[in-house]
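Take this structure, written in structure tokens, and hold onto it; I'll ask about it next.
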Amino acid sequence: MNLFVQQVVTGLSIGGIYALLAVGYALIYSIFKFTNFAFGAILMCAAYGAYFVTHTLKMTSLVSGLLGAVVIGVIVSLATELLAYRSLRRLKASRLFLMISAMGVNIFVQNLMTIMMSANLRSLDIKMPFNVIRFGKIRIGSLDIFSLVISLIVLGVLWIFIEKTKHGIAIRASAHDTDTAGLMGINVNKISFIVFAISGLTAAISGTFMGMKYAVYPTLGAISSKAFISSVIGGLGSLPGAVLGGFILGVLETMISGYISSSFRDLFSFSVMIAVLVFLPNGILGSGINDKL
Amino acid sequence: MRSRLFALVTAMCTITLVLFGFGGAAEAAYSPMADRWSGDSVTIGFFGNMSASGAFQDVPQRFAIADYIEDLNARGGLLGKKVKFVWYDAGRDALTESVTAVNKMVQQDKVVGIVGPGGSRYALPVISLCNDSKTPCITIGATNAKVTVNEDTGKVNPYMFRVSFIDPYQGSALANYAYKDLGFKKIATIAAVDDLYAQGLLQYFVDEYKRLGGEITTSLSYQSTDVEFRSQLSAIADSGATALFAPATEYKYAAFIAKQAEQLGLEFTYLFPEAVYSRELLENAGPQIEGAYVSIPMDENDPRFDDFNKAFDAKHKSSGYKANMYAYYAMDGVMLLEWAIKKANSFDGEAIKNALETAKGVPLFTEPSFTIEPETHNPHNKTVSIMRVEKGQYKLVATFKPGD
Amino acid sequence: MYLQSLAIFACVNMIAVAGLVLLTGYTGIFSIGHAGFMAVGAYAAVISFKYLAVPFLPAIIAGGFVAVLISVIIGYPALRSMMAGDAFAIVMLGFVSVVRISITNIKPVFNASFGISDIPRLSTMSVVLAFTILSVWFMRNFLKSHYGKNCIAIQQQETAAEMVGINVLKTKLIALMISAFYAGVAGGLFSFFATYLAPTNFSEAKSDDLLAAVVLGGINTLSGPLLAAAILVVLPEFLRFLAIWRLVFYGAAFVVIMQFKPEGLMGYREISFKWVGRLYGKVRGKARD
């Protein structure tokens, strides 16, 4: 029983990271209807931003680390939007082309970073009291609780922003129908800037926490495929769905490798995912999108 | 109209491909041997993973070989000829790019020998290419037994050699050390299920450990793309093990496992193979792996490596890489090739191969007396050093030759 | 040997891409897991050759049919439930992982992560070329047949296609089966040239390359993706002179091509030589100025 609760707790803390990533992913999908394969690269660059601030500038507080990551994350995210996507969107190119462009950005950035920063792991030396919190036999690192709390706060703020503010309404309108939103006087280019900035922000926050939990290295972004899976399970384009999908995937993976088989883990988690999709083709919280190539 | 154009294009593509493909075949599969050293210089090749995850292993190797060859040329070259160095990255697609890299080296660069690659994944696809073209290939970190010996026929691959451990050798040495010297009567294991190196070591470790009478409490796995091991670690702690054997091909797995065990408040005595040994592991997870044991072929703290380390670190500072064990392996490889060419007094592939087979007591960079077993092309009775992490440093605790 | 090996890899890539063109370029179902079918075909061919003593050519064909079988098992439920495009893509992504994980866990015969080595090099230039020509020719005819037209109809407007009496599920499934067959054959040929077969050979990166070839080549065209498939094999080799910067430029090339040819190299048309005439006209026009 102790082991079971322990695994659930671990799963939730992993799920928190997946959820935050999935939101950044889903946000772009909901408006532009394409999968941003460059998301992992943005996350990785942001983590290097945190590394730069804490290691080179020797500002080792969490706030300065996060700030460094956010600056780099947002810059890289906006740069991709401007250089790789904007002109394609203007031409109303099919989203497959956007995806390939994103794939190119990913290869480009990852290899560039391998050359610039070497393939070695860098640890993020953020000064933070670390201890293991115990509830009976259940143990959890304070870092996990902390990252979960911050993730939830960010998700909450994001939700308020999207639901309550003027820009949020514009984003939702664009997500619903980009062309009509444009006709109604919404500056779609400005909206896309805001959306990519938010997406870069979520990538930066999760990148910093991943850098603290694991390390910073050029292939760190590979984990973003989990975000893709989470948002499909939850319902592509749906933000609450992405959060739900992230937590489901985190717990599911932990449970399977703890109880069924660690070597067959992905086999089981993908089978569950396929089963979900066969019965709920639009994911758990997704609405029907009439999607065309 | 369109269909005629289509036919035209198809025809053109076909003709190009035919010229491309058969043209290559028609000029005889390989150019004559003597072409390789007819000029006033000869070429030595290297290939490996220099762009994907784990590039920290092969990039320093490339630096080490290039530096050594520079030095060699300053000393007058090989048999009176200048030595050129070519290298190719195979990181994007191990299989395809290894095959094309070796073909390119053999056919276009006319290499007299290949030093490398650093991993079995890159070496296994090129065995027949090296054998057919009679190009000696000294792999410097490919530990899989199949690299030098054909599994089906049991025959040695004549042109494949290695300077590193093989998996059965290191796996059983570690099992013996853990059971007999450290007195671990039970141990848990965790290894990437899709990794050649980790699975190879795991298999031989477990076989030997069980044969000695030890108990494997649980054997868990992960995918090599994983970064999260807490679920497995909780289950391992639950199985009652206090020692954990974690073979992995990169130090990042060791760092993650140790850090996450700490986050769960778990303490294990870790047992790692040589591939995770690196100074960077200490920088990333030094306190967490305190007390861990690592087996490697040499003691890096040995003063005889100091000069090399200093020179290497100073020269390649901007690259972000420091001298590591992989660079030492590369030094072994290139020195062995140099020795063989000098012994054979020829650049002929067959002569070099024959010289390599007689290698006995050759002084190499890490091994003062290096011997190749002619029937397997593996190093004979290579030294195993066990390092223990103490106060954030590797300390030599044992050195032995399992064959003694 | 060097140019020959490049030509063979290019041909193998072209076969797999020819299949994917039908699925993605024409039917509009996009798959980021096509390397899974290559893996299935490769393992089926090599195992039937090595352990069941099936001769080389039948073994390759058998590999293709095993891939078809698997494609039906995975594709029928997924396509029947009318999954949205990205959901199907993720099912395919899952499929590659499932194939890879299954193989890495089967020790007997499949040899787990150690892979099967010492496969004889039977995929010679002539064999591979014959396969390429045959498969491209067949695909071209298929695309011109009314089946091919059905596929385009589904890509354009699925509901409308259904209205005019096209059996959408059947057409999609046929497209998936044929593309799986092509991928399976390509995987088999690949392994009999590379002589070593391991589950890691057919990773997501391989699937990405195939999809990239189709998209860079252009939608609704066969010659464009075939050209792109060959280019994507040759390009990384061509960029060798850039040394460590090679893959940086490879990635940048994707973005740049998309910026300047946003419809792909050959969107909606086959390779034509009209541009030669246009260019000639322009040059003459300039010369006259």
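Observations on the structure shown:
Each chain gets a letter, A, B and C, in the order it is written, and its residues are counted from 1.
The definition used in the following text is that a contact is a pair of C-beta atoms (placed from the backbone, for glycine too) under 8 Å apart; a residue touches a chain by one contact, two chains touch by 3 or more.
Note that the coordinates shown come from a computational prediction; the quantities given were computed from them, not determined experimentally.
Of all chains, the one whose mean C-alpha position sits at the greatest distance from that of chain A is B. Among the pairs A-B and A-C, the greater number of C-beta contacts is found at A-C. Separating the CA-averaged centres of chain B and chain C is a span of 32 Å. Between the Cα centres of chain A and chain B there is a gap of 35 Å. Each chain gets a centre from the mean of its Cα atoms; for chain A and chain C, those two points are 30 Å apart. Residue numbers of chain C whose C-beta contacts span two or more other chains: 101, 104-105, 244, 247, 250. Taken residue by residue, chain B touches two or more other chains at 51, 193, 223, whereas all remaining positions touch fewer. Chain A has residues 111, 263, 266 in contact with two or more other chains. The part of chain A that touches chain B in the complex is made up of residues 3, 6-7, 10-11, 14, 111, 114, 117-123, 132, 134, 139-141, 143-144, 210, 213-215, 217-219, 222-223, 253-255, 257-258, 262-263, 265-266. Chain B contributes residues 2, 5-6, 9-10, 13-14, 17-18, 20-25, 29-30, 50-51, 88-89, 91-97, 99-100, 103-104, 106-108, 121, 124-125, 127-129, 133, 144, 146, 150-153, 193-196, 199-200, 223 to its touches with chain C in the complex. Residue ranges of chain C in contact with chain B, taken from their complex: 1-11, 100-101, 104-105, 112-115, 117-118, 121, 125-126, 129, 132-133, 136-137, 140, 193-196, 198-201, 205-206, 209, 223, 226, 230, 233, 236-237, 240, 244, 246-247, 250, 269-273. Across the complex, chain C is touched by residues 29, 35, 83-84, 87-88, 91, 93-94, 96-97, 99-101, 103-112, 115, 225, 228-229, 232, 236, 263-264, 266-267, 270-271, 273-274, 277-279, 281-283, 286, 288-289, 291-293 of chain A. Chain C contributes residues 24, 28, 30, 77-78, 81-87, 89-91, 93-95, 97-98, 101-102, 104-105, 155, 204, 208, 211-212, 215-216, 219, 244-245, 247-248, 250-255, 258-259, 262-264 to its touches with chain A in the complex.
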